[in-house]
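Next come two complexes, and both contain subunit A; in the first it sits with subunit B, in the second with subunit C.
Then we have the complex of A and B:
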């Protein structure tokens, strides 16, 4: 991992997440619940987040399929730029856990952490070049005021080189974190591995 | 844990197979795929690109983490396994059948500096 970054209550350190509500137990889980956990994430069987969402296996299955399709679909926006969009959304929505996860993934993919520091400090002005700045600015604007996006704001993305497909991928990456952040923020809280609150 | 005897291994968990024509096929080991979990994305090097031994030339990702792919030797990328674009988790089911890229080494391949199956088993034990 790169250097630890802490700013405005956010961190790129690894965090865990504790549910406030009862999670399913593997001993009492149905076959379908076990199956969807195994499909969803390598850590799902030990993660409060997945163990809670598995109360509704069909929704978890749809959520995981949509997440993978949006974040990992081949072609289009680069993986690092999808992570940047998700990071900005998570920072603005105040989701410390999601911001941590996607900061780390951005660092793994981009091989640098300067943009993460910038997003934690001030997401509206983050980015090391015109393209990154445009992606971060658009991600912030779409998160804060979705009805204010217009053709000019899309054009601003295209002016820095994003293709139509990349614009679509970016909007999907932002939009799914409107959902993901709300699940994380309202069903539990982030903690460090030793149990200390992360907020 | 599968570790075929007819391959050589890098400490970064890539396997290397020397084909009859001297070209190299490269993938990730059974141990490597198990550490990552089901793959959801494979970023492969551009065909025709030059790579340097130990240099990063791609990424494999699961929902859990991402890991760089490394070139085993200096050479030129001849082909990538396009089937992995739409089915990256095929690597999990058959890590030694699913090569990720093939390269033409600048000089005939030497196993010096690589691990044989026994040494690789010791590395991951």
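Then we have the complex of A and C:
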């Protein structure tokens, strides 16, 4: 990671997350629960988030398959631009934990952090160029008013050069964080590594 | 249900977005077939009739209410139709469709709908006290997980549908 960025309660520092209800323990987990944790994320066995969701392994398996296919599939929208969509959504929804994770991913992929500072400061106007601005604006619109998304908003993405597959990938990247943010914000809370609350 | 079999001819998001098999947008969407399959798989597992601790009727009413709050009228129609196909309490259906959770007597469904409203409309205000009202209403932790995943999934599903419908409209211009 480059520089620490803090703005409006958001940060690109690494955070942890504590569940508010009981999580499963690895000692008592079923084989299927262990398997779905291993499929979901390399750190899932030590993450309260995954240990909580693993109460329902069949549901978690499908969620993780959707998440990983959306964020990591080859081709289409660049991974950095998918992370930008996710970051804007997380900033608007107020998910400090998700914003920190996806700020770091954006920085790793794009090799710069200027857009992260902009998203933390004001997600609606963020973007270093016309393409990034259009991606950030659409991410805000589909997050805040999904029923108002129309042909003109798609045309605005096409005008800055997005292909149809890139538009589809962006829609998925935004929508999956409508899902992820709601879980992170309502099932537990972010903490710094030393245990201090992070919001 | 463990892992449902994906049938591209019976894909709920395709149906809700009005994508015809073989149309350009249908072909494009299924270039991301892992996403389509896992989205359908999420729908199928979240609405598995055999899921323990939370009734299918409760889940369909939660889904209907979440869609209504988000302004997704056509996705709401889908869940209303599914709820009406079950033996479902008329007052509970009316509340999910057009009322407020507080019109219900204190109990499981009222607690679930209050939680649905919080997650759908003001997710940032979520706190420990809000989630603890669910076990207090007799809802087990695994059922809380299923409920939370369902509400969050609906927020995902209705945005994918809205995006696809806008892409369809843009292509027709």
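Throughout what follows, the second predicted complex is superposed on the first by the 199 of 199 C-alpha atoms of A that agree within 3 Å, B and C clash if a C-alpha of one lies under 4 Å from a C-alpha of the other, contacts with A are read in each partner's own complex, and residues count from 1 in each chain.
Basically, contacts are C-beta pairs under 8 Å (C-beta built on N, C-alpha and C of every residue); 3 or more make two chains touch, one makes a residue touch a chain.
Everything quoted here is computed from the prediction, not taken from an experiment.
Undergrad: Following the superposition defined at the top, how do subunit B and subunit C come out on subunit A, clash or fit?
TA: Fit - subunit B and subunit C, as placed by superposing on subunit A, sit side by side.
Undergrad: Using only C-alpha centres after the superposition, what angle do subunit B and subunit C make about subunit A, to the nearest 10 degrees?
TA: Vertex subunit A, arms to subunit B and subunit C: 130 degrees.
Undergrad: Which chain, subunit B or subunit C, ends up touching more residues of subunit A in the combined arrangement?
TA: Per-residue touch count on subunit A favours C.
Undergrad: A:185 contacts which: subunit B (first), subunit C (second), both, neither?
TA: A:185 contacts subunit C only, not subunit B.
Undergrad: Taking the superposition as given, does A:22 touch the first partner, subunit B, the second, subunit C, both, or neither?
TA: second
Undergrad: Could you look at A:72 and tell me whether it touches subunit B, subunit C, both or neither (first, second, both, neither)?
TA: first
Undergrad: Considering only touches as defined above, state whether A:150 meets subunit B (first), subunit C (second), both or neither.
TA: The second partner, subunit C, only.
Undergrad: So, A:112: does it touch subunit B (first), subunit C (second), both, or neither?
TA: After superposition on chain A, A:112 lies in contact with neither partner.
Undergrad: Report the closest approach of subunit B and subunit C over their C-alpha atoms in the superposed model, as a whole number of Å.
TA: 11
Undergrad: Report, in rising order, the residues of subunit A that make contact with subunit B in one complex and with subunit C in the other.
TA: Shared contact residues on subunit A (touching subunit B in one complex, subunit C in the other): none at all.
Undergrad: Would you pull the subunit C residues touching subunit A in the complex into a rising list?
TA: By the definition above, subunit C touches subunit A via 1-3, 25, 28-29, 31-32, 34-35, 37-39, 41-42, 44-46, 48, 70-73, 115, 118-120, 123-124, 126, 128, 130-132, 135, 141-142, 144-146, 148-149, 151-153, 155-160, 162-167, 169-170, 172-173.
Undergrad: Would you mind writing out the residues of subunit A in touch with subunit C in their complex?
TA: Answer in residue numbers: 20-22, 32, 52-53, 55-56, 58-63, 65-66, 69-70, 73, 76, 93-95, 142-143, 145-147, 149-151, 153-155, 158, 164-165, 167-169, 171-172, 174-176, 178-183, 185-187, 189.
Undergrad: Where on subunit A is subunit B touching in the complex?
TA: So the residues of subunit A touching subunit B come out as 40-43, 68, 71-72, 74, 79, 105, 108-109.
Undergrad: Contact residues on subunit B for subunit A in the complex?
TA: The contact residues of subunit B facing subunit A are 36-38, 40-41, 43, 59, 61-66, 85-86, 88.
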